[in-house]
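Sharing a structure, written as structure tokens. Questions coming.
The chains carry the letters A, B, C and D, assigned in the order they are written, with residues numbered from 1 in each.
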Amino acid sequence: MRAPDMRVPDMRVPDMIGLGIDAVLALAIVWLALQTVRSRDLFKAMLMFVVFGLLMSLAWARLHAPDLALAEAAIGAGITGALLLVTWRRLQADGHEPADSEHPPLPLWLRLPTAGGASMLVASIGWVALELPATPGTAGELAWQRIDDIGVSNPVTAVLLGFRAYDTLLEMAVVLAAWLGARAVAIELRPGALPGPAYAEVPLVGALLSLVVPISILVAVYLLQAGGNAPGGAFQGGAVLAAGGVLLCLTGRLEAAAQTSGLERVLLVLGLVVFSLAGLLVMASGGAMLALPGLWAIYLVETALLLSIAITLVLLFAAAPGLRRAS
Amino acid sequence: MNPQEVIASLLLLSGCLFFIAGTIGLLRFPDVFSRLHALTKADNLGLFLICAGPAMRREPLCSAGLLLIVWMLGLLAATVSCHLIARRAVRSGQMEPRASEPPACVPRTCVPRTCASRTCASRT
Amino acid sequence: MNDALNPSALIYLLTAAAVFGIGLHGLLQSRQILRQLLTINLMGSGIFLLLITLGGGSDGPPDPVPQAMVLTGIVIAVSATGFALALLLRWHELSDSTELDAVADADAVQDAHDE
Amino acid sequence: MTSEALIGLIFLPLLGACAAVLPGRLPTRLGIVAGLLPLPGLLVAVTLSVWQQGPAFLELGGWAAPLGIRLFVDPLAVLMLWMVAIIGGLAAAHAWFDFRPGSPAGQKFWPLWLLLTSAMNALFLSADWFNLYVCLELITLTAIPLIALADSKKAVRAAMRYLLLALLASLLYLLGVALLYNATGTLDLYQMADVLAAAPSAVVVTALALMTLGLLLKGAVFPLHAWLPQAHASAPGPVSTVLSALVVKSAIYLLYRLWLWGAADAVATELALMLLAMLGAAALLYGGVLALLQERLKLVIAYSTVAQLGYLLLILPMASATAWQAGTYQLLSHGLAKAAMFLAAANILHALRSDRLSDLERLDQRQPLSLFALAIAGVSIMGLPPSGGFLAKWLLLEAAWRSGHWWLLAVIVAGSLLAAAYVFRILAAALRRGDPTQAQPVADTQAIPRVQTACALLLALLALAAGFAAAPILAFIDTGLPSAWSGP
């Protein structure tokens, strides 16, 4: 049984309009990548990168990967773009503009062949791989056949939280490690280093916040519950919730705190702890490790993951030990 | 092509036209304020038309409602960011040329090196 | 996929290869740590695009395993970028430069007769 | 019983790290104790079961191979897990004094350290290529902040360079995994071994080459080693210990899994193994020469790591049981000896506030025990009898002789001579009397907690004891030979 709304057009019938869209999208993506690399001004390069991320999410949609389109838009373009821009602002805080120095590490006559050779290698190997008959019995086909045992109809969520739940658990450990690493190397925050107090008193921003932040929470919860049978899930939901948090930081509603509060610490490790304990409890009660028993267990774990992802991304953006309501 | 399809494609086409108009405005207008003017006006209307297009073709009302929400959010984001950019432009001294004082040079004919007025400086 | 190679998969394959090559070229060209992080993210996107194009080619429903791998990859990429930016701020505060090797020559001299 | 022990090995440090993040001193201490102390106990159970019933699989979530992820434990994995438990444990004891659990430095250090331990255990147990990618990323993202904790400009620069190269290496590795999945349809390491021969050779060869390139960069093998010396030398004491003894070896361990288990009979295996051996030989000689030229003690030891990794790659073309014993024994003895050397160097740096060779005169009077530990570990690095290092090099020479690779004999001997040179150079600098006129008072050195010296000494003695206790370990290793290496 496949999810009803996962309509799957047969990719082999090349309808011309679809081809046209793909061609234009591909050209735009390559041009943006080129601009990100070639533009002298770093700020422009970062903006090009954000737009590149948005077009990449369109490419995922065209490649029938709606979950990835959501993730790329929310995480790839959204949060990564916000992190880059806020770091750019902090680098400028003491005046000088980081500009590319003239002498690149490798001369052009060496760079071009290596890069050209690498992309030719990837293109040719990809071509050979595409030419070949699809290998029978791949993990993907097995996933489609056994999808009912997980009780979730969205195949990607079934793989992420059912068949390969261990990967997702370690991935949450990576997210926690990123925050721990950022804290370990963090610079002592100069007061007011958090960007955005200038926007605090603009009336329009207040109206924006009162509308957008509740919507971001609503969308995050929708994505979380939709993860079962439609594109969505904890990671995309977490990123959207983090976007709401980033907005609050930018507009001065949230301030940098000197210490990470107890609640923030619990939220940070919540995803990992709930996932591990759920897996261990199942093993203790006789089942296989990490075989989440039912739909309720999957949603419980997904909620914990969502909270952990959101708090980690917001704290990474704020580059502060913790956050508290602005006095 | 039943009438619904025709109307939908017409809406989509006109939406694209408005976007093109907005982009041309962005490229050709001399200073921040006129560009903002072009962008927010043309693109918002374009977005509405593009959202209205598929809404016509979809049978169930809820997807039309969703597209409406998309447009509302687009509108909200566009207006607030335009306000903030304009506010910052005013604060950082790019005053708009007063109607009373004739602009030092007509933007299209003005060659950047020779004309020192602020509007040309901001354009190059 | 065994009969005619379908063109849209081909388009995305060439895009993936091009983005990977451009990313690598940018990485070898720039000294700015910020731009190097951008190029590494570009190369990552190129690889993810290749992974999905190769995986999605099967004539049945799209293969969920590469999609799960790419989703995990995107989350890992944003975590690594978040940490790298924090490390960059630390490096900028210590050495007042946003490049790794710009001060190398000065530092090498300083290394020689260190404390 | 073993499945609970395997899960405990990974999840205890993981939950310990989560506990260490929580506020207050008690959770951190609880996390450290619960995360690190039970590891040897669990490992005894695992070792016994692997010895009796042989290698075992554990399917996570109850899903079979191509769909789910499997853990695999065999003598090689058990050996590496024992090294993580012993070296990690003693380095943690050493770090207990520099990074007190309650202090702000401790709050930053311990969660990362426990996550690193859990990530290494997960990597040595995992049997799924994409899961190994996630483990490699977790190791990278925990090891690099630990380096940057040293708070000096050199440490942060070394950490940033290591991060950029590690991200690049992970991308190459991921590209290889993507191609392998497309060619074989499965991600499982051992299941892929038999499917690989049938898969299209062009895609497989490229995938294996990309993964090898990524792992060589992560393992700092000769041409791609630029990031290692500065990173290991400027990291805090216990961190550089774990980096040199374990983190760098995880990449070499994955090379073993890739070429001896995963792609044992792939089309280009012989050529690739010979190329890797040549790289190993080059690393051995280059690292040895560079170690001779360094001015600082920790840099000499770091370049010695680059050199000693070469030994691990030399065994690849020999394809015999003796070669496998030599390789695994070199893994064990080098890990113990290098850990002892780095801990001793950390003690010396802490006591004399400088580790420049020129400042080390009359070290036997100022830091006798640390120098003693350094000397014993040097004995094992050089390969003098009766140390574990000697046994490893002896088996290596024997395997090279039997398999007829004459040029390897010369390289091994040259490597040992170079190792002897740079170890004696250190000892000579340390035993120098210095001019008696301005006799430096012995008291000016800072006192070091006795436990820290004891850790370095214990590791050095273990490296020495590895020479005596070889028979049971070698017998245990023999039960898990790579499939193609059954010869004498």
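Everything that follows uses one rule, which is that contacts are C-beta pairs under 8 Å (C-beta built on N, C-alpha and C of every residue); 3 or more make two chains touch, one makes a residue touch a chain.
All of these numbers come straight from a predicted model, not from anything done at the bench.
**Student:** Centre of all protein Cα atoms: which chain's centre is nearest to it?
**Tutor:** Checking distances from each chain centre to the full centroid gives C.
**Student:** Where the centre means the average of the CA atoms, what chain is farthest from chain D?
**Tutor:** Most distant chain from chain D: B.
**Student:** Can you work out the whole-Å distance between the CA centroids of chain A and chain B?
**Tutor:** Averaging C-alpha atoms per chain gives centres 29 Å apart.
**Student:** When the centre of a chain is set as the mean of its C-alpha atoms, what distance in Å lies between chain B and chain D?
**Tutor:** Computed from C-alpha means, the inter-chain centre distance equals 59 Å.
**Student:** Measuring from the mean C-alpha position of chain A to the mean C-alpha position of chain D, what distance in angstrom results?
**Tutor:** Those two chain centres are 32 Å apart.
**Student:** Got the chain C residues that touch at least 2 other chains?
**Tutor:** 20, 37, 50, 54-55, 65-66, 72, 76, 79-80, 83, 87-88, 90
**Student:** I need the residues of chain A touching at least two other chains; which ones are they?
**Tutor:** 122, 129, 132, 138-139, 143, 164, 167, 171, 174, 177-178, 181-182, 185
**Student:** According to the definition of touch, which chains form touching pairs?
**Tutor:** Listed in label order, the chain pairs in contact are A-B, A-C, A-D, C-D.
**Student:** Would you mind writing out the residues of chain A in touch with chain B in their complex?
**Tutor:** Per the touch definition, chain A meets chain B at residues 199, 202, 204-205, 207-208, 211-212, 215.
**Student:** Going by the contact rule set out above, which residues of chain D touch chain A in the complex?
**Tutor:** 3-4, 7, 11, 14-15, 17-18, 21-23, 58-63, 66-69, 108-109, 111-112, 115, 118-119, 122, 130-131, 134-135, 137-138, 141-142, 144-146, 148-149, 156, 159, 175, 179, 181-187, 199-200, 202-203, 206
**Student:** Within the complex, which stretch of chain C touches chain A?
**Tutor:** Against chain A, chain C makes touches at 1-26, 28-32, 34-35, 37-39, 41-42, 45-46, 48-50, 52-68, 70-72, 74-83, 85-90, 92-93, 98-99, 101-102.
**Student:** What residues on chain A touch chain C, complex-wise?
**Tutor:** For this pair, the touching residues of chain A are 2, 6, 8, 10-12, 14, 18-19, 22-23, 26, 29-30, 33-34, 36-38, 42, 45-46, 49, 52-53, 56, 59-60, 62-65, 67-68, 71-72, 75-76, 79-80, 83-84, 87-88, 90-91, 98-101, 103-106, 110-112, 114-116, 118-120, 122-123, 126-127, 129-134, 138-141, 143-144, 155-156, 158-160, 164, 167-168, 171, 174-175, 177-179, 181-182, 185-187, 233, 235, 309, 312-313, 316, 319.
**Student:** Applying the document's contact rule, which stretches of chain A touch chain D when the two form their complex?
**Tutor:** 121-122, 125, 128-129, 132, 135-139, 142-143, 146, 162-167, 170-171, 173-174, 176-178, 180-185, 260, 262, 265-266, 268-269, 272-273, 276, 279-280, 283, 287-291
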